[in-house]
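Take a look at the structures below.
What follows is subunit A paired twice: with subunit B in the first complex and subunit C in the second.
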Partner chain A sequence: MWRIRMHGRGGQGIKTASQMLGSAGFYSGFQAQDFPLYGAERRGAPVIAFTRISKDAILERGPISSPDIILIGDETLLNDPQSAPLCGADPSTVIFVNSDRMPESLASNFSVTAVNLTDLCLQHLDNRMVYSSALSAAGARLLGIIELPDLLQAVEDELTGVSSQVLRGNLNLAREIFEIIQPAVISEKANSPLIAKSLVFPQHLPVVDGAPIILDPGNMALRKTGNWRVERPKIDYEQCNNCMICYARCPDGVIRTAPDGRPEIDYDHCKGCLICAQECPGHFINTVRETGMFP
Partner chain B sequence: MKVLTGVHKKIKDLHPHEAIAPGTGLCAGCGGLEGLRMGLKELGDDFLICNAAGCFTLLSVYPFTPLKGSWLYTTMGGPVPAAQGVRDTLDIRMRYRGLEKKENLNVIVVAGDGSSNDIGFGATSAAIHRNLDFIYFCYDNEAYGNTGFQLSAASPYGSATQTTPSTDAHEAGTEINKKDLFEIWKAQKPIYLATVSPREPIDLSNKFARAKDLQGPRMFICMSPCPTGWGFEPKETQQIAKLAVDTGIFPVKEYFEGEVVHTVRPRKRLPVEKFLELQKRFRHLFEPHRQDEVIGQIQNRVDDYWRQYE
Partner chain C sequence: MKTSKKIMLTGNKAAAWGARMAAVEYVPAFPITPQTEIVETLAKWFADGTLQGKFTNMDSEHSMFMAAGSAGATGVRVFTASSSQGILHGMESLYTITGWRTPMVIVNVSRALATPLTLEPDHNDVLSTRDCGLIQLHAETCQEVFDFILMGYRIAEDADVCLPVLVNLDGFYLSFTREPVLIPDEEEVRSFLPLYTATQPVFQASRPMARASAVFGGATYTSFKLQQELACRNAENCFNRVAQDFEKHFGRLYVPVEMFHLDDAEYVFVMSNSFATKGKSAVLKLRQQGIKAGLLKLRLFRPFPGEAIASALAGHAKVAVIDQNLAPGMGGITYPEIVTSLYACEDRPDKILSVIGGLGGKDIDDQDFMAIIEHLDKPDSRTPLYLYDENDVSGFNRLQQIAKLKEAIS
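The block that comes next holds the complex of A and B.
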């Protein structure tokens, strides 16, 4: 059995990618299973999706803890403790990163493939960043057991209802990625039996300990949503006339007035919705693509 | 016509206080969050929010909260009864148990359109009837957004939701009209009732500033463009909110002392298509073929509405 785990962000098509890969495996004559896992959060928040492909019936259920292939759709997730894309990786794990550079520290421990899917998506999909076809193509090719026509059929199946132009873009994208990437060497993992955890019996605690009471109001700021950003808004201070429209329009309230009256963006929390750039009356806020920080 | 003078005239007058800390799990570009952020700026930190299950559940996820004030999480039908309980407790403790006046809290209900129009509707009507002293903030994204965008009584005619997609048998998608919550609430004569748009922060802030000093049910309906459910880029949230006002689809108004006043009036109303064509939930009205009849009905409804006030 091959176990594939995908990491990305809500809205990037990670769930669809796992479905495409599962269907492609099925068309190539295997059994397949795919499902996503995400918390209550939505667009921009980390999403994980899983695909199992096997010659025999798949009896295993639940999240994949020791994957054969890890596909990372968003390089900014490498440092994200909530997503933890490298969790359960061992030297035999094949890792794919959507990036224009090779993460050196990662490459010394794992077999890593890095391809800039973002640029390819922008090119094929009319400037949209949806990685579903791209990531499933990368996974299918790395696996080396899936034929191109089966992959294309799966892409077409999962994208029913889109316009013919979007479908054509996705098929071309999948085809191109299939050609760029070489199949990886995937070694068979030793089958270790799963051990059940011992039962924990609940204890009665006084209300102050037992109830979910938060004693530090406003502590949400400890959670950094800055890594949700795909693009970074940058204020051109040479031109900015401190009208503060950006401050009024920011839904998350991450633009504050500096002591000298200028607007200042809190990049630790800015989610990159880019409303400020869109709304700035003089267009003095530019957008720059974010690049990840590798561990 | 009575003219109510606002306290804010320009962006720089807006209250500098931020009542919601960043870092919440809400979608990037959430229109409702912008509305609540602006509203809470005016109300200060002495509040208790009774939150109905919905998108804004994500505001406070244990062990984190973005608020300096208190937060009580309830079921979808339960925020208003919860508010009644909290209000009564505060009143009784202030009267008999020596709780000091300065410890008093603004009781605020935060609920989505599903809770407001469907599940919590009856309890809200009862609370207005009892003249409960509270503020109600309804973020209206016109469907059950948190569970994947299913039809609510606030979903407009002609929009596609998860449960009312455009099909051969039902080409228009949603075939029933949006409930007019403003008129329903108005019929019960609450002390203050207003619709607000995140695109009009000054108007919004003035309305909250006014409501703050009143006593009784103070109801707000906030237009909340939803990039995820409506299908547009997060950066377009404000543009969509603006077009909703400019096309006349979302009237920005208030009801106070028996009169309805449109506080922001579109000078020349744009055709509704301008608003519809930018959103995926209305795309079936334009592709693969144009549904002129549906678009025409939406336009007629808007025209009929404004004719009453011309």
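The block that comes next holds the complex of A and C.
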């Protein structure tokens, strides 16, 4: 069995990528299974999706903890302790990163492929950053067991309802990525004997700990959601007239009034919803693409 | 001067008196037959100043239980009551507020569930809340209703428990039935059940807190649910502690399961709530005929006192579990619980018969009890045994003819 885990953000097409790869595996004559995992969050929040492809019946469900391939659609997630895209990776794990440079800290420990999918997406998809076709193509090619026509069929089937122009772009994108990347060497994971978990009998706690009670307000400040941003709102202070409508409209309360009276964005917590840019009456808030940083 | 008094009260009035003597401070209410008399009585007492606090008519049982849980989280003593369809309508809230771990006492007046719609009792309503995480006490008499409410607050408010307690009484057979109830002296009640002081952080205007946080991830969810489980299990020891203290103050001792002529019994009826009185009467009559019968009454139903039940039933040859409820396709709801508690018991009964009776308030009479004895003696009787006879069939047929009268005429 091949186990593929994909990491990305809400809105980047990660779930669809896992489904395209699942369908491609299925069309190539294998058993296949795919599954996404996300919470009650929204665009920009970390998303994980899983695809299993196997010659035999798949007797697994749910998250993949020891993946053969990890596909990282958004390199900024490498910094995110909650997403933890490298969790469960060992030296045999094949890692793919959407990036224009080879992250050295990764390359020393793992077999890593880095391709700048973002630029290819922008080029093929009319300036959109949706990685579903690109990431599934990368996964299919790294696996080395999926034929290109099966991948293209899967892309087409999973994109039912899009315009013919968008479909053509996605097919071209998948084809190009399939050609750029070379199949990886994936070693079969050895079966180790089952070891019993050591279970504990829970201890009764006082209700203040035993019930889901939060006594300390304001602890959201500890959860830095700034790296959810795909695009950054940037106030043009040359033009801004301090009307503070952005401050009033920000759904997360991350725009404050600076001592000099200007609105100021807290980039540690701004999730990049860009409502401020939409609401600014003079259109004085610009949007700038975020570029990733490695740890 | 002690001012205890014995007065004639319905089960509903006894429940209202329980809340009154507990000095409840907040009652969210919604009427439903056969429970309405409880909240009507409390409404009057709040209006005339007998009770200090707030009585609020809600728009539904769903809101009512949410209001009860929220008020509990502000640190006041909360009481509310419902029945039947009302309990079902509030079901989502019941699961929710037990997770909040705020103490309160809820009275359920049992009434069978639609369809067909009816008003008389069986226990499908209260047993539907079996898995909510509530503590459940089932009452046989109006005195037990009153006493269990006082004991209920002690258990609900115990720092080891912090869960709602539900006290159950049968509609009609107890709710509208008057019998003498001893209302103890108020000072004596206060020394048993002091005015409420919360043992946990409570909502205050100056101190924001979250009380019902969402979690993502099974491990965190499991941690909180296991805490509910432990707290609920703690309630069995707590019940026994509180019962001993109750006896000290008021002279009545309640054990989790009541054993009636059980010592030498060869035939045991397992029953709960008001029909247990009928079972006790049958036991006495059967003994006069030389049949060694006995009865085990379930009082504490959640947490389930499995060990107490097993040790009470061990060594008795023939047991009939009489369920006044029906899980279609399965049978009685309490039967598998009783059987499970006996599984590891070496001298468990030779025969444990499942009996379904008393649905929708259908009477269980002496002849029914005798029929159960006969079936316990048969080598292979079909299970479950339905208490349903020729008279019921002919009455039903007569009704069917009336329902089809127009069709018959045309």
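Quick notes
Rule of thumb we're sticking to: the second predicted complex is superposed on the first by the 274 of 295 C-alpha atoms of A that agree within 3 Å, B and C clash if a C-alpha of one lies under 4 Å from a C-alpha of the other, contacts with A are read in each partner's own complex, and residues count from 1 in each chain.
The rule is simple: a contact is a pair of C-beta atoms (placed from the backbone, for glycine too) under 8 Å apart; a residue touches a chain by one contact, two chains touch by 3 or more.
Source: prediction; values computed, not measured.
Residue contacts after overlaying the shared chain place A:C87 against neither subunit B nor subunit C. Of the two partner chains placed by superposition, A:I186 touches none, neither subunit B nor subunit C. Contacts of A:L148 after superposition on the shared chain: neither subunit B nor subunit C is touched. Applying the stated contact rule after C-alpha superposition, one finds that A:L122 touches neither subunit B nor subunit C. When the two complexes are overlaid on their common chain A, residue A:P206 makes contact with subunit C while staying clear of subunit B.
Using the contact criterion defined above for the overlaid structures, shared-chain residue A:L274 touches subunit B, although it does not reach subunit C. Put simply, more of the residues of subunit A are touched by B, taking subunit B and subunit C as the two choices. Judged by the touch definition given at the top, the superposed model places A:I214 against both subunit B and subunit C.
Residues 39-40, 212, 214, 217 of subunit A lie at the contact with subunit B in one complex and at the contact with subunit C in the other. By the touch criterion stated above, subunit A contacts subunit C in their complex at residues 39-40, 202-215, 217. Across the interface of their complex, subunit A is touched by residues 99-101, 159-160, 162, 199-201, 208-216, 223-224, 226-228, 230-231, 234 of subunit C. Those residues of subunit A that touch subunit B in the shared complex are 10-11, 39-45, 163, 212, 214, 217-225, 228, 243-245, 247-254, 256-257, 266, 268-275, 277-279.
Taken together, the subunit B residues at the contact with subunit A in this complex read 11-12, 14, 16, 18, 20-31, 33-34, 37-38, 57-58, 60-69, 146, 198, 201, 227-228, 234-239, 287.
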